[in-house]
Amino acid sequence: MKNTATLLITCPDTKGIVAAIANFLLEHNANILHADQHQDAENNLFLMRVEWDLAGFDLTAARFHEAFSPIAKKFNMQWQLKLSQQRTRVAVMVSQYDHCLADLLHRYKNGELDCEIPLIISNHRDTEGLAKFYGIDFHHIVVTKDNKTEAEATQFRLFDTYKIDLIVLARYMQILSSDFVARYPQRIINIHHSFLPAFIGARPYHRAFERGVKLIGATSHYVTEDLDEGPIIEQDIARVSHRDQVEDLIQKGRDLERVVLSRAVRWHIENRILLYANKTVIFD
Amino acid sequence: MKNTATLLITCPDTKGIVAAIANFLLEHNANILHADQHQDAENNLFLMRVEWDLAGFDLTAARFHEAFSPIAKKFNMQWQLKLSQQRTRVAVMVSQYDHCLADLLHRYKNGELDCEIPLIISNHRDTEGLAKFYGIDFHHIVVTKDNKTEAEATQFRLFDTYKIDLIVLARYMQILSSDFVARYPQRIINIHHSFLPAFIGARPYHRAFERGVKLIGATSHYVTEDLDEGPIIEQDIARVSHRDQVEDLIQKGRDLERVVLSRAVRWHIENRILLYANKTVIFD
Amino acid sequence: MKNTATLLITCPDTKGIVAAIANFLLEHNANILHADQHQDAENNLFLMRVEWDLAGFDLTAARFHEAFSPIAKKFNMQWQLKLSQQRTRVAVMVSQYDHCLADLLHRYKNGELDCEIPLIISNHRDTEGLAKFYGIDFHHIVVTKDNKTEAEATQFRLFDTYKIDLIVLARYMQILSSDFVARYPQRIINIHHSFLPAFIGARPYHRAFERGVKLIGATSHYVTEDLDEGPIIEQDIARVSHRDQVEDLIQKGRDLERVVLSRAVRWHIENRILLYANKTVIFD
Amino acid sequence: MKNTATLLITCPDTKGIVAAIANFLLEHNANILHADQHQDAENNLFLMRVEWDLAGFDLTAARFHEAFSPIAKKFNMQWQLKLSQQRTRVAVMVSQYDHCLADLLHRYKNGELDCEIPLIISNHRDTEGLAKFYGIDFHHIVVTKDNKTEAEATQFRLFDTYKIDLIVLARYMQILSSDFVARYPQRIINIHHSFLPAFIGARPYHRAFERGVKLIGATSHYVTEDLDEGPIIEQDIARVSHRDQVEDLIQKGRDLERVVLSRAVRWHIENRILLYANKTVIFD
């Protein structure tokens, strides 16, 4: 089983950052497996992802913090360390359409998604059987105009109980409150069934059909206060023609949604995503 | 050299249309090369394109009208007949960016675009050499806020003089007046450098960069009264990443613009496009 | 529920075919929903697909044969009629990799595949749970060098018992005998995990990795006597880079295989595929 | 004008390489603009590209060699340094099809290809006008079975005279001798009009048509001894259908060839390509 550490760093760009990090890792006998960095000239930002084998590395996670702090301070870094053996704990929220959920669960079981999925929450009962088949706890929480606050409170308790790190909205057709969004910054991933920023809001396939576009799309993004305005993680498109009715767009779109959401989830749990300026850097 | 006729038909859908057309063509000894039809159930519309060899066909273009009229009347058809030997006469309007123009001219010379391009109009002199190289008349017409009406009047005279059927805006950075647009309905094709309806208006690559999209696009469309709202003919996209700056988006976008515009022009001159409900049917 | 008939026709190209068919359908009061035709000039072939609503049509399927025979004879047609209410009965054969099977079953349940899937056959037990979840009979038939003939005989009996029309090899890792293939002409669909004709045979992802290709592919095709040489139904590709190891190619490939196989199955059961000259015409 | 240095490095993977390079660059006051590295676990190889601003850097190119040698020796590196102001000198060889040449020249003039193109060699006269339009020397060298050695000797002399660094075969339909290939290792780029390794050799579009593939491709690669077996730099594909005849494949293929060849040339002149094990690493 893989036993690596991944460090994600953002800081103002200046000379000597790479040398400082490389020397630190060498000093502690790290065997670097992957390193990727990005300079954003316009924002004068340095962004880096480095992953190393923990075999031979002479610092525990606990001691890493202390040892790395002087460097982090010197370069004014924001950083996070992630250990491959501390698997991200994911909750999936879903309504009636189950194609994204079924896809995520299959990838999870196959080992393609190296995380834990202990919890599924739905405002419908349609996906209960699927949850059971994969041995995942299913909680049915009806959401209405009147009970939204309570319903979310119940959801928060479940996230706490299951020690959830990441919430995936796999075609969950309820709008989250500001409170919900603020509570899990950069920890909620949504799939929107259009090529954002085209067709923000409801019924994107219907509006794409009416506009007569020749391509349809899907977009996975982090959820922020503004609906469909969060940082985009991944997008993809499919070709359509005049022969396609709305139903065909919806069907072709399902294939996009599955792939585009699953990539976002995988990149998140592999610590490949850095956020800045409402954009994502995906370290591949 | 190809010697065919193409008939484009739109009418309310009802029984017997195909039989009526097929019988008519058989009666006059047409050898059908391609036929394609589309039913739009929602709008109860029948749309058809049929192309036949003129060898052996016993009607001239002049007599076709009279002979076909009873059928057209019976089914309440809108129709147009096009002969491959009456090549569409195209004017290209362009500003400073010459990549779409250069591409169109190369395809024209290669025989990929089976039309005549006798006229290039520009509000700059940058592309004059290119026009000369391909032996095409070049007219430099400066457009300002104050002279717009006169400038367009000059353009109209040129279109008349050169008997222009189709106007292609190959990155022409001036907004046409309503009068101009109304004068050439479904006869002006524009290339917009975004995936419409995303980034309508100015500086789409800059806005795509700011939004952090993972794909950029280009859209060719007929020009109508509402800017960037006309019927879409073709779209395509390219993948971008955090490594791409605005300049990279612009460069990748040029490859899209070339291809997306040239396809629209080709389909138009091959009579493959039927318009309805602000959408296009592309008969391939 | 949809109640339509679909007619697929191949015959030598000559004048009057479309008129004859259109008149025949009109005579019997058919309401044509879709019609598409293709002329292959090189092979002088006419190919057509026409689908009509059975409401109001005045021939039963039984009487259709008799009524249409004179036309079929006159134009030397090969033809087949399919009724939407006689749903294709599909058997899926699978080994250990279950991603294509899981995908097909999910689409089946969703109504995206308008067929019956009463039978799954595997030489492993891995997918038994999945079959059970979807309520489909699962038969475990071990195949060895020594028992191949008997194993196939058992398979044939099952196909007969379940009245199977189409056999889908969803990553079934056994080579079928010539006898098997001959028994189900144009009724076996396979998914090959490469962009055929590149990497025919075993371990295509490993060979793609060694060759250093920048795109990987998947191909669905009808199975014929020659391994991986049958008529191609659909292909798609995904981009890879030097960062991708064989495992990454395999993972990216799974997404291709799922989509490419499911499209082939859908087109087959919707009677959209015509075969000729070892190629397919896909009427979309 | 850009004034940067790019260093490409390949060496056995071991601890401390990044630290050594980063320290070296920091010591000499380099402002790193881009750095990208790749570890090939299977081959135990470390590959890196690093680009820095020369403003403030305290070594001349001449002195760099001496200063960097100890590090290069210690880690057993193969390396090359390239200065942005020493622009690659490119010769294009072409036969009758001019679409790739026209595309390269347009990108060159636009500034998209940051190189010098002083020389075009052709075995036909068709592209002489194009060369003249862009102000590039054109040499017409007829190649026959009998004069091949002499013809190539003439070509070699021209490459020497024009101090050519890179030879681009832009649909040059003559097979180069082993001697030619050996003389310019990793300095000849070819465009092959298929998705290699499918359809190696002659007439790939015709064979793709016969095989009935649903996608066609193009591949740019370095030329090595074995025809069409050299390291692949870039590939792309386009969708085709039963409606496409060989001529349509050829036309759609031209768009692929243009883009796929131009990317390879750009990446080469920007020093983004590292070769190993008959594969390329493209640092983007």
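Residue numbering begins at 1 within each chain, and the chains themselves are lettered A, B, C and D in the order written.
Here is the rule we use: a residue touches a chain if its C-beta (ideal position, glycine included) is under 8 Å from a C-beta of that chain, and two chains touch if they have at least 3 such contacts.
Note that the structure is predicted; figures quoted are calculated from it, not measured.
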| item | value |
| --- | --- |
| Result of counting contacting C-beta pairs for A-D and B-D, higher pair | A-D |
| Chain D against chain C, contact positions shared by both copies (same if over half, else different) | same |
| Distance-maximising chain from chain B - centres being C-alpha averages | A |
| Centre-to-centre distance between chain D and chain A (centres being mean Cα positions), rounded to whole Å | 37 |
| Inter-centroid spacing, chain D versus chain C (mean Cα positions, whole Å) | 42 |
| Sites on chain D at which at least two other chains make contact | 41, 241, 243 |
| Chain B - residues contacting chain D, complex | 99, 102, 106, 110, 112, 129, 133, 241, 243, 251, 254-255, 259, 284 |
| Residue numbers on chain B that touch chain A, as the complex places them | 38, 40-42, 195-199, 211-215, 217, 231-237, 241-243, 245, 277-282 |
| Partner chain A, residues of chain D touching it in the complex | 15-16, 18-19, 22-23, 25-26, 29-37, 39, 41, 239 |
